[in-house]
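Chain lettering (A, B, C and D) follows the sequence in which the chains are written, and residue indices restart at 1 in each chain.
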């Protein structure tokens, strides 16, 4: 019987760098965002609210990060993945802290799901761009495999 | 690195005068409202429930004030701003204390977002009129720039 | 069978004036306070946070107002009234929103209990002085009868 | 009537640098901490959980930051300030998110209270050292005036 399995976990300083990169990317786009990074357990490691970012969007950023790691897929894929299944979609999005709209990405390393990043405060497209910039800054990209969950 | 930035904050007595003016405007219209004013952090500075105003609308007034400062736009603009994006709209309005219907206005001074006013208890149009009357009484008007969020 | 009984209720504008008077009294004392006035049902009519007043004390002011009208006695009388009865004291103060320390006063008119005022942010003595100033400004004093609950 | 007053606010990047410095100071001490920085309204700007830091201490760090800005004094000063007043102390510490033990410091700039930093995860003394290191990294020190609340 296998008692433990090896995995990896995201470091605090990598999460710290990623939230900064996402906030800075938003500034380049002329917007302001909140960014949250959670670990594999959905617990927050780092958070940053950019200057002037919407206050209630802080929780939305956290919800996106939680949802992305929770289901192992970009939060923007929910509607697509569950299109035609309104009962399932509403059942899932009715859960506390589940955010089914763009801006959240799972974080993987060597195939292991190690966390999630959530961005909120700008348009869906801009939030997504900032989330990707956050991961790119620490060398973790969201590729095709992740897109499919 | 810039450590602090100058800004302004609303005084207690200005907030006190604004809630009175909003309640008085409602009386002129023959209705009764609750009025809340919050600071830039969404924390209440002043509250007033007019004689005969709906009891549960007190919390709604607070939510509108929080939402208006939180997103820096009139609460009535949410549906318009997010029309055609049902996933985003429901994700945002599902957050606690986010009120996406008329009666909440951001408060700005010299371009700085310094608070929000929320009115609830009458029709959407009347709530909005009272919120504007509250701000007008202290010389802070919601102009075109604010209307657009 | 008596179906209804006459009573009186505090007006919004009287509550509005009382919170202002309490905040102004604090300024004269060189301190800053939060003030809440609730009706006979313990529901808030008016609230005002003075410039620079402690943020968490807003809820404490509300709790004192609720407790004062709820038990019909000054909140500072709890320890005295229940001294020697630690079980009762802890049972009561363990209830949500019960504040058993000075700064809350019941509001009476013609013998009717019509509300409560709560002040928080300065010393117990100063909070009490401000609460009394709030009531005095609208001609409602807390006399010996009230002191005894 | 004065409608607004000038003040200052802490920037996102300064808060981001301060949480990093506090976590790094803990590592030098051989411990691990959570660090939260909130604005003048008690709303979080930045958060960082150091590698291996206690999970529930994340909320404690937030509560300390909120308490420090909420009462404008180091959280470790509560017991001292309220010694001999058990009713008041218990009334205040019973409030949600009020943390009355060391590790939280108010943040001031030019005499303005602009935020709070809270650290949790190590001993009370170590938490305090890390909070100070966080502020020192951005040139904001907690001097004698702040020590006295």
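We take it that a residue touches a chain if its C-beta (ideal position, glycine included) is under 8 Å from a C-beta of that chain, and two chains touch if they have at least 3 such contacts.
Source: prediction; values computed, not measured.
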Query raised in the report: To lay subunit C over its twin subunit D by CA atoms, how big a turn is needed, in degrees to the nearest 5?
Result: 85
Report summary line: When centres are defined as mean Cα positions, the distance from subunit A to subunit B in whole Å is 31
Report summary line: Chain-centre distance (mean CA atoms) for subunit B and subunit D, in whole Å, is 30
Report task. Please list all residues of subunit B that touch 2 or more other chains. Result -> 5, 11, 13, 41-43
**Report entry** Pairs of chains found to touch, sorted by chain label
**Finding:** A-B, A-D, B-C, B-D, C-D
Report summary line: Seen from subunit C, its contact residues with subunit D in the complex are 51-52, 54-57, 59-60, 63, 78-79, 93, 99-101, 124
Report task. Would you tell me which residues of subunit B are touching subunit D in their complex? Result -> 1-11, 13-14, 17, 39-43, 109, 114, 138-140
**Report entry** Of all residues in subunit B, those that touch subunit A in their complex
**Finding:** 5, 41-42, 66-67, 69-72, 85, 87-88, 90-92, 94-98, 113
Report summary line: Within the complex, subunit A is touched by subunit D residues 11-13, 15-16, 19-20, 23, 43-51, 53, 55, 58
